[in-house]
Structures are given as C-alpha cells and as structure tokens.
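Each of the next two complexes has chain A plus one other chain: chain B in the first, chain C in the second.
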Partner chain A sequence: MDLDIQGLAAGIEAVAQLKAHPSGTEYTVLGEDQARALSAKFQCSQLRVFLSAMEQGIIPKRYLRNLESLSVAEQHELARSRVAIIGAGGLGGQAILTLARLGIGEMVVVDPDIFEESNLNRQALCSVDRLGRSKARVAAETVQAVNPGVEVEAHQKRFAPDNAPGLLAGVQVVVDCLDSVEDRLTLEQAAKELGIPMVHAAIDGFLAQMMSIYPQDSGLVLLYGREGKTPASPLGNPVFAPAVAAVFQALEVMKILLGRGTIIRNGLLSLELETCRLEHFRFNI
Partner chain B sequence: MKIQVKCYATLAHHQPGNGERFSVESGTSVADLLEVLGMTPEAVKVVFVNGKHVGQDFVLSEEDRVALFPAVGGG
Partner chain C sequence: MITVDDQELEWFEGMTVTDLLERIGHQGPCAVVRVNETHVSRPRFDETPVPDGAEVYLIPMIAGG
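Now for the complex of A and B:
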C-alpha cells in the first residue's frame, strides 16, 4: 500500500502542540504516543512519521532538548542518515545507544558474538538476562525500546571482505568498534573501497584513542604500521575507556554527517582517563 | 638538556619518575631515548613530539614534549 504522504503530514499537524524549550523559544512538537499512533494508522515506520514531521518543521518531542545545540534541519538530516556500527561489544554497545538517542534514522549492526559473563564489566548492552544472546539482535531490540524512530538492521555475522558491500550499502559513516587489528584493517579497506568515512576507536586499560579516516587518508597504517599484529588488551578493559571512546565516536559521526565541529582527521585523539589527559596529536600529512 | 616524556598504555612501566623534566644529552634522537628507557623500537608504534608525528630518527631539542604510544587495539 502506498503511503498517504499528505494524509500523514496533515495527521501530524493536527496533533502537534506548542512546547516551550528551556531557552524560552516555543517549538511545535510531536509526542511519542501520537507518533506511534500515526505510524499504526498510516502503516509506516515511526521513522517515516518523524521525517514527515521534521519536513514540516515539527520536532519529535524526544528531540526537543537537542534543539539550540542542533537545528530542526540538522535533526532531520540525522534521521535521514544510515550508519553502520561494526562490533556491538564494549565500544559498539555504547556507540549504538548514543546514536539511537541522537536520532540516527537507520543503523546497521554487525557482530557474530553472543554475550558472555566477562562482558558484564563494561558492555552497555550486556545484562545477566541477556547472557548467551546475540549482541547484534540485543542491540536491535534495545534500540527499539530506546527509540522506535530508528530502524536497525542486525547481522549476527563477522564482517568480512565478501559481505562488506552488502553490509555497507547506502551507509554514510561506518564506526569501527572491533577488537582486533586484523579485523579493523579489513574494515578500513572495505570502507575505503566503498568511499565511506570510518570512525576508528580502540582502547587498552584507561587509554582510549580515536581517529576519523576518510577514503583518501592514510588511516590505520599510521597507528599500527604495516603488520597489523593484534595486541589483546593487555591492561584489561574497565568500563571507562570503552564508554568514553564510544561517546566520542558517536559525536564524530554527528560532526561528519552534519559537516560541523572539529573532526579528528589525520590526527589522533588520545584520552588517558586516569590522568585526565585529552590530547589531539597530528600527523604531518 | 631537559625534555618531557610520557609513555602510554603498555609502555607506562617504562615511564621515568622524572618524566616532566627528563635529562638527555643534546643530540639525542627518539631512537636513543627509547634505548635509554629500555624499549625496543618495535614496541613503540607512534611517536609525537610537541603534538606532531615524528619518526624514530627525529633529533630532540630542549623542552621537547615526547609522547610514546604502543599499538592499541582493544574494543
């Protein structure tokens, strides 16, 4: 059935209400219950309802507190975006949750693993009742619970060169939330071949690092050399570094999609959390 | 001459106690510094001096701030 676009737009306008932002500005907002009801009535996704609202300058109420820092047009742009998160563990879980709250419209989540007890110390999507379950599927369910205005494609599989074109089709930014150098190099090569910017992060102990890599950039070779041997995380992974690194990754995704702010490109953002050192190092390129 | 040295992550156990004012002979290169600190060249993947990337043959100057990183790959 074709979507009744004009009917949906009129339906949104009919239920939208004025709501004051803390800045004092009044915005026309669409509540969550109304969005869900319209999604059911017009048999379309809640994302489609949100997009239609924002096309009319009506902000979903869940995004009201993003305004003044983000514009309605920028929020709309985020909702029109498709982002892939490769890895749904320590980095990925927090990145996915943050991007869901931000309001990315479509996400692709790829992870072959299931949750294990050793994930409980740090992985934002891991809980006792989810042990043994697919990280990718849990990610999709959790995002639906946090923000039904996000469409998630979950893949319980390992990212590999042969499935890369399918997994990254239509993706504007890919987020490297992997845990081995070999897999990161595979992802970087695929992203470069497909012309997609990649937001890399990695952690060890209380250290987090992040770098955005555009297709023409040197990228991971600057950090790992040519060999790509895997250092496990010899210093362990307390919760802090993955959580902080993933939030910075999500922020970087927002900046890349919206073309604003300082993007860490041909540079390394280093966060030594225990000593409160945040440094932006630069490669001479 | 005095330089600043900071060893990150798994290199931290090579961090000298007086890293804020570490004494080296003038003409010391990054490679020389690694040897003084007891690190192998392979263990150090990335070197920044005063916030900019350099090679291990880079010759240090008074007051330089040296940051030494291993490969960091966890997630």
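Now for the complex of A and C:
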C-alpha cells in the first residue's frame, strides 16, 4: 500500500503541540505515543513519521533536548543518514546506543559473535539474560527499545571483502569497532574503495584512540605501519576505555554527517584515562 | 642527553626514532612517538632524527575493541 504522505503530514500537524525548551524558545513537538499511533495508522515506520514531522519543522519530543546544540534541520539530516557499525562488542555496543539516542535514522550492525560471560565487564549491550545470543541481533532489539525511530539492519556475520559492497550499500559513514588490525585493514580497504569515511577507534587498558579516515587519507598505516599485525593486549579491558572511545566515535560520526566541528583526520585523538591525558596528534604526512 | 617518558637516556649523533626504540628495548610496539612538539607516525620512525635534549613520549600501539 502506498503511503498517504499528505494524510500523514496532516495527522502529525493535528497532534503536535507547543513545548518550551529550557532556553525559553518554544518548539512544536510530536510525542512518542502520537508517533507510534501514526506509525500504526499509516502503516509506516516510526522513522518515516519522524522524517515527515521534521520536514514540517516539527521536532519529535525525544529530540527536544538536542536542540540549541543541534538545529531541527540538523536533526532531520541525522534521521536521513545511514551509518554502519562493524563490531558490536565493547566499542560497538556503546557506539550503537549513543547513535540511537542521537537519532541516526538507519544503522547497519555487523558482528559474527555471541555474548559470553567475559563480555559482561564492559560491553554495554551484554547482560546475563543475553549470554549466548547474537550481538548484532541484540543490538537491533535494544535500539528498537531505546528509539523506535531508528531502523537497524543486523547481520550476524564477519565483515569480509566479498560481503562489503552489500553491507555498506548506501552507508555514509562506517564505524570501526573491530578488535584486530587485520580486520580493521580489511574494513579500511573496503571503505576506501566505496568512497566512505571511516571512524576508527581502539582501546587497551586505560588507553583509547580515535581517528577519522577519508578515502584519500593515509589512514591506519600511520598507526600500525606496513606490517599490519595485531599487538598483544596485556592490559585487559576495563569498562572505561571502550565507553569513552565509542562516545568520541559517535560524536565524530555526527560531525562528519553534519559537516561541523573539528574532525580528527591525518592525526590521532589519544587518551590515557587514568592520568587524564588527552592529546590531538597531528601528523606531518 | 634526552628524556623518554620522563626518564633520561644518553643521546648519540644521528639518533633516529627507530634507534631510540631499539636502545630502550620498548616492550610493545609504538603507534606514535612525540619528539618535542612533533608527532611522528610509525612509517616515519626510521627517517626521523631525535635531536640532543629532546623530550620524547611514546604512544603504544593498541588494537582492542
């Protein structure tokens, strides 16, 4: 059945209400219950309802507190975006949750693994009742519960050169949440061939790092050299580093999509959390 | 004399970042070395000189996720 676009727009306008932002500005907002009801009535996704609302300058109420930092037009742009997160473990779980709350419209989540007890100390999507379940499928379910205005395509498979074009089709930014240099190089190669910016992060102990790599950039060779071997990880992975690094990755995704802020290119954001050291290295390429 | 992560180390003429890492026998690989205010990425370790009196900091290579 074709979507009644005009009917949906009129339905949104009929139930939208004025709501004051803490700044004092009044915005016209669409509540979560109303959005769900319109989604059922017009047999379309809640994302479609949100997009239609924002096309009229009406902000879904869940995004009201994003405003003044983001504009309605920027929130609309995020909802029109498609982002791939490769890896749904320590980095990926937190990145997925953050991007869902931010309001990215479509996500592709790729991870071949299931949750294990050793993930419970740090992985935001892991809980006792989810042990043994697919990380990618749990990610999709959790995002749906947090924000039904996000559509998630979950793939329980390993990212590889032969499936890259399909998995990254239509994607504007890919987020590297993998845990080996070899797999990261595979992802970087695919992203470069497809012309997609990649946001890399890695962790070890209290250390975290993040950099964005555009197709024409040198990228991971600056960090891992031409050897491309995964170093030993002697420091373990307490919860802090993946959480912090993933939030920086999500922020970088937002900046790339909206073309604002400082993007860490041809350089590295390096953090040592225990000593509160944060540095932005700029490489003389 | 130079300092590496705040520890003093004897300097020699022609010292490169690679020489320095070999001399201290750094336990794990480095992704970045900061020499004074210059950030040196891994592919440039062989060719980058370390001047006398330099303050050097090592950033370990990490890859966990």
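As a convention for this text, the second predicted complex is superposed on the first by the 284 of 285 C-alpha atoms of A that agree within 3 Å, B and C clash if a C-alpha of one lies under 4 Å from a C-alpha of the other, contacts with A are read in each partner's own complex, and residues count from 1 in each chain.
The criterion applied here is as follows: a residue touches a chain if its C-beta (ideal position, glycine included) is under 8 Å from a C-beta of that chain, and two chains touch if they have at least 3 such contacts.
Only a predicted model underlies this, so the values are computations on that prediction, with no experimental measurement involved.
Visitor: Just to be sure I read the superposition right, which of the two partners does A:281 touch: chain B = first, chain C = second, or both, or neither?
Guide: After superposing on A, A:281 lies in contact with both chain B and chain C.
Visitor: Considering only touches as defined above, state whether A:221 meets chain B (first), chain C (second), both or neither.
Guide: Only chain C; A:221 stays clear of chain B.
Visitor: Quick check for you: in the superposed arrangement, does A:33 touch first (chain B), second (chain C), both or neither?
Guide: neither
Visitor: Could you give the residue numbers on chain A that contact chain B in one complex and chain C in the other?
Guide: Chain A residues touching both partners: 87, 89-92, 177-181, 184, 201-204, 207, 209, 222-225, 230-234, 237, 242, 268, 270, 279, 281-284.
Visitor: Using the touch definition up top, name the residues of chain A that touch chain C in the complex.
Guide: The touching residues are 87, 89-92, 177-181, 184, 201-204, 207-209, 218, 221-226, 230-234, 237, 242, 267-268, 270, 279, 281-285.
Visitor: Which bits of chain A are touching chain B when the two form their complex?
Guide: Against chain B, the touching part of chain A is residues 87, 89-92, 177-181, 184, 201-205, 207, 209, 222-225, 229-235, 237, 242, 268, 270, 272, 277, 279-284.
Visitor: Which part of chain C faces chain A closely enough to touch in the complex?
Guide: For chain C paired with chain A, touching residues are 28-29, 31-32, 34, 38-44, 59-65.
Visitor: So in the complex, which bits of chain B are touching chain A?
Guide: 6, 8-10, 45-46, 48, 51-53, 67, 69-75
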